[in-house]
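Presented below are the structures under discussion, each in the form of structure tokens.
After this come two complexes, each holding chain A, first together with chain B and then together with chain C.
After this line comes the complex of A and B, so read on.
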């Protein structure tokens, strides 16, 4: 059975009397710089879904069944009723981010596992939400992508490089983005966002 | 002097210093215009002969007025006074002199001019040879140089950025603004980039009439309209300095250079601009004429004299002569005369033309044969013998289209004999750089208007975009024709072709005489067109001179091409914010916080910061800490963060087949919950990487790689998956960051882990033997993965938990381990223990060694194909005398060994021929009490017990060593299996 971090904390007997506390990559950071709100985007789970070879149709049906939304096209996203965010970052790869929906691990993940190969990446990524009137000006300093809405519309997602770091950028609204970067370098990435915000 | 009725005098008054003296100017001035208004004649000394020089031009082409700007660490040399926007408190100073700029002792070079022409250094300082580096070169560099660096780190901030547009318009003169207005109507994203701090380009320097009004009115209206459009963005104070492939341009925006206060904002931004099309509206640059003593302060380009008068109300002199070979020189005379200045004469080199003004004294078909006034021009002598007293000489040799950027992608300019000008040569369309206006060789305003309409509208039509109406403008009428009278043959040693490099007509003649007739040779021999101005005002003169000497024309002579950058760019602007600690990102391990609290000393391994050792109270030397960590681990238990090792999640029905192909050894039959060591080869059969791979399920593996190779291995695996084996069902996900992983090593490691592993999981040797792995839970339900693998040679495990629990788990292991005297250990102790055990690592798999060298040839499957398999069978890889992996210890046990030492048989000289191998890894073994080493030596496995010399030529040190087994401890592996 597929198990995720938060799914198996209950009902275990005969355990060591230790309580391992979760450490979020940015410890819940939140700050406003030059009218740009920068805040850690926290989530309970982040999993990748790989589409097995030649099973796209099956996966589409399964995705719809599991999340109630059609499987997005490449570089597009969906948000289900409970706020679960799914985006497709490649031909055969999707990421699903669960901010806090309690049945995600018990119901959604096992359902998805019927069709996809699943890898838990909860600890691997750090999310930063940037929001504000000057957010595009700020992103111009680190993001090589064309963020014009004609090119990168609301709901679009892309993989890119910012300040030498691998980043997935997701556009929530015209002036609100979520940036996912590797957790080990999240401190450097946050600093990069802060400097960019101060520099505009 | 300043025209007191000029509008600029109504603006804010600014004070500044130049060479320590205080002056005043106005907002809207450049440093050059303010210096001219303050009657400052000499602004610098020439590069080689230290001749006094004054301001020559009004733009980026300036060869003379190179200024050191600012002070202390903020000092920036070689800035052009003509591009510096004046601000209150500006501090500028001249450069390249000994004494003062007015009395430069180095001006003695000028007297020696005839002896130190082009090629002088190459011919003269040949003997004695050893004097070159220590004597000649330092003297020459001191004598002939530009500004001086502060030699302190630049404290200013710099940044980078990315801009995207459909149309990049370089320049905001009439053709640039018209292009922007037309293209904006198509709905495309338009970016206008202007080097100046005001928009309008050359129109700001002229008294042109557009639609019945001063052209400034039209500029205001056009800019207002463009600013109101959402799809138009304007960047002034921004210079596009390079053009690259795929519509990429580089530009520097000066953000705070015009502000005195040291701002927390970046001084400059290095923009990378992506565009679909570039409209090059960069205008034209006026060229000079070479005639005797043509470099005196007060001899300026005629268009620039006009700029200073019209735009800034600044006059260099009041008795002005104009020396021209074209119609535009007459325009300067007209403008200046209308301002009430005395025009002594227009000297036009062209014969058979009519004077373009009847009210100005003119000398047609004449040349200037001499000038007077060392520190400022006083008089000129004409070929007719007439002598005129002047205090400013405006020179116009015609205009050259500013096509610098079209050359950056190897576009070769083409000579246009009509306007005596190089044009972009048709490369523009291909390179998507489309010149308009003066950059296209159109110099009269009425023709620029009609031509820009035509070029841009036909472009829009070609692109099938919505067609705007043509822009209807009426303008004053201008005329322009030009001759190629650019050089005179009299007094060649004083006729300057290139002011910045002190290249004279004589130097060109010398170059010709010595056979350097090609433009490329001419440039290198004479330095024509080099340095900060890249010959913007001088190249055509040099070519015209060479053409005359060769008895041909410029189109036959050809031209060198411009290279980036268009203007000098501060090195810091290329670095941007990537300086010091921010040079590259830092990756922290999950245990970083706990390790910091335990005073860990960190080391950079790639981008990672890893704990190197954990000093305890009383430990003064790093090895004390490392030795303690090794001994405590071997005696009881130690914990080390090994998260940085690459972890790749491999899933899919065909992943075992995939692993069989990328590893030399077979994985298909690896049982679930077991781990196997694997070796990867490159396609050429050389060892690439190693690591363990665990099978968690039928179609699920976890591969580990070395820390340094993690991204490369993943990239290589993706290449195999996508390109070599696309029909396999395999998926790869890097999970290096997703899992925190700790090595728990030592005889008490099992007992420690038993305290945190949730029951009923049994990790006894019977149920969890060496090379076992399992998913389980710890600490009351936290998902974990446990691997029974050992890098230290001890009974050891690696335990992995989701990264968010990593910090807490490291802390918990240490606190739960207190009863065993558990110790955290760093990368140094990790390295020592792996050397003691005889495991290979990056020092051994270094891209030069093969499986045969490493003693791992038996791992290459003979049955199945794998990457590197075939080429690993090459004869050279399998000779009997190849260097093989071995252990070494000093014969005198108290002697130290050095990694990198070469191995030579005793009694032989340390030469390449006698070289038998090398020491790859060295450590002091606290377990054995002496130094040990791993390395490679020819036929090592057959030479156990033999003594050889470890020679370190860098330290001139030879140590006798004994060849031993690489496994210094527990060679049978009893500990790790126990």
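After this line comes the complex of A and C, so read on.
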């Protein structure tokens, strides 16, 4: 969630001078606990793409045209040249996360709109990257999924529940994951990650 | 309890919500002669068997799919899991 911080300074001739600054849900949090690096994963945009009924073929072509990569299968992901992530989390549902590519809103989104139903969910999700040798031990305490690489390979993405909160988990490398949780409960989720990291 | 999702593999039951008897997939035709009786049956009457039962489960904390789970309500053994979209009208 982006929170705009408004500060009013006295300007010239009593006209207010406004400064708007973007504040991320976890305010750029970063900490190492038991050799696990926990850091907020910051992104500029996160949109959901829903496939309209009976248009999967059209959507596949559009996805390839817009992002330069084939539309992933269910629970798989793609990363395009500019670092944009695409997750397929359901038969008819995808998420696209743009870390910082400047032309995403002006070019990629209008292109995707030609085939998909699009909802901007940038404010709804918060990302946390967990990384380290003991990350699996930490996740095993809160995540009900089988984290073995045979079942949950690098590049896979799954939606599940951790400490009663809805979480999308993406495996970047063997011991590095990005966890997306609703931004409204991001503080609670961060606390459960911290506690789990301390308790391994 | 694990539910063996047809697309995603075994997933913990905590990701799902139980949504009742799978008969809800077969809505009666409101134009039929005895539609009143059929809707009473559809809306309110359940067999609630002690044994094999077809149930609807919604994968809310997952891919948001609807499943038809055939489960033994006495032993909790899951005998079959299908996507609801594949079973509707069968």
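The rule we apply is simple: the second predicted complex is superposed on the first by the 180 of 200 C-alpha atoms of A that agree within 3 Å, B and C clash if a C-alpha of one lies under 4 Å from a C-alpha of the other, contacts with A are read in each partner's own complex, and residues count from 1 in each chain.
Going forward, a contact is a pair of C-beta atoms (placed from the backbone, for glycine too) under 8 Å apart; a residue touches a chain by one contact, two chains touch by 3 or more.
From a predicted model like this one, the values you see are computed outputs, not experimental measurements.
> Would you check which partner chain A:104 touches, where first means chain B only, second means chain C only, and both and neither mean what they say?
After superposition on chain A, A:104 lies in contact with neither partner.
> Of the two partner chains, chain B (first) and chain C (second), which one does A:177 touch, if any: first, second, both, or neither?
After superposing on A, A:177 lies clear of both chain B and chain C.
> Check whether A:41 is in contact with chain B, with chain C, with both or with neither, and answer first, second, both or neither.
Neither partner.
> Thinking of the overlay built on chain A, is A:75 touched by chain B (first), by chain C (second), by both, or by neither?
A:75 sits against chain C, while chain B stays out of touch.
> Is A:29 touching the first partner chain B, the second partner chain C, both, or neither of them?
Neither chain B nor chain C is touched by A:29.
> Is A:185 touching anything from chain B or chain C once the two structures are fitted on A? First, second, both or neither.
After superposing on A, A:185 lies in contact with chain B but is clear of chain C.
> Output check: A:160 vs chain B and chain C. Expected answer is one of first, second, both, neither. What do you get?
second
> Once the two complexes are aligned on chain A, which partner has more residues of chain A within touching range, chain B or chain C?
The partner with more contacted residues on chain A is B.
> Counting only touches as set out at the top, which of chain B and chain C does A:144 meet: first, second, both, neither?
Both partners, chain B and chain C.
> Taking the stated contact definition, name every residue in chain A that is touched by chain B in one complex and by chain C in the other, in rising order.
Dual-contact residues (chain A): 93, 144-146, 151.
> Okay, in this complex, where on chain A does chain C touch?
Residues 74-75, 89-91, 93, 144-146, 151, 158-161, 166 of chain A touch chain C in their complex.
> Which residues of chain C touch chain A in the complex?
These residues of chain C touch chain A: 7-12, 14-15, 61-65.
> Tell me, which parts of chain A touch chain B in their complex?
Against chain B, chain A makes touches at 3-5, 8-24, 48, 50, 52-54, 92-93, 117, 119-125, 140-148, 151, 163-165, 182-185, 187-189, 191-192, 195-196, 198-199.
> Please output the residues of chain B touching chain A within their complex, sorted ascending.
Contacts found on chain B: 157, 159-164, 189, 264-266, 269, 272, 274, 577-578, 582, 584-590, 593, 607-608, 643, 649, 651-653, 699, 727-729, 731, 733-740, 755-760, 775, 777-783, 801-809, 812, 816.
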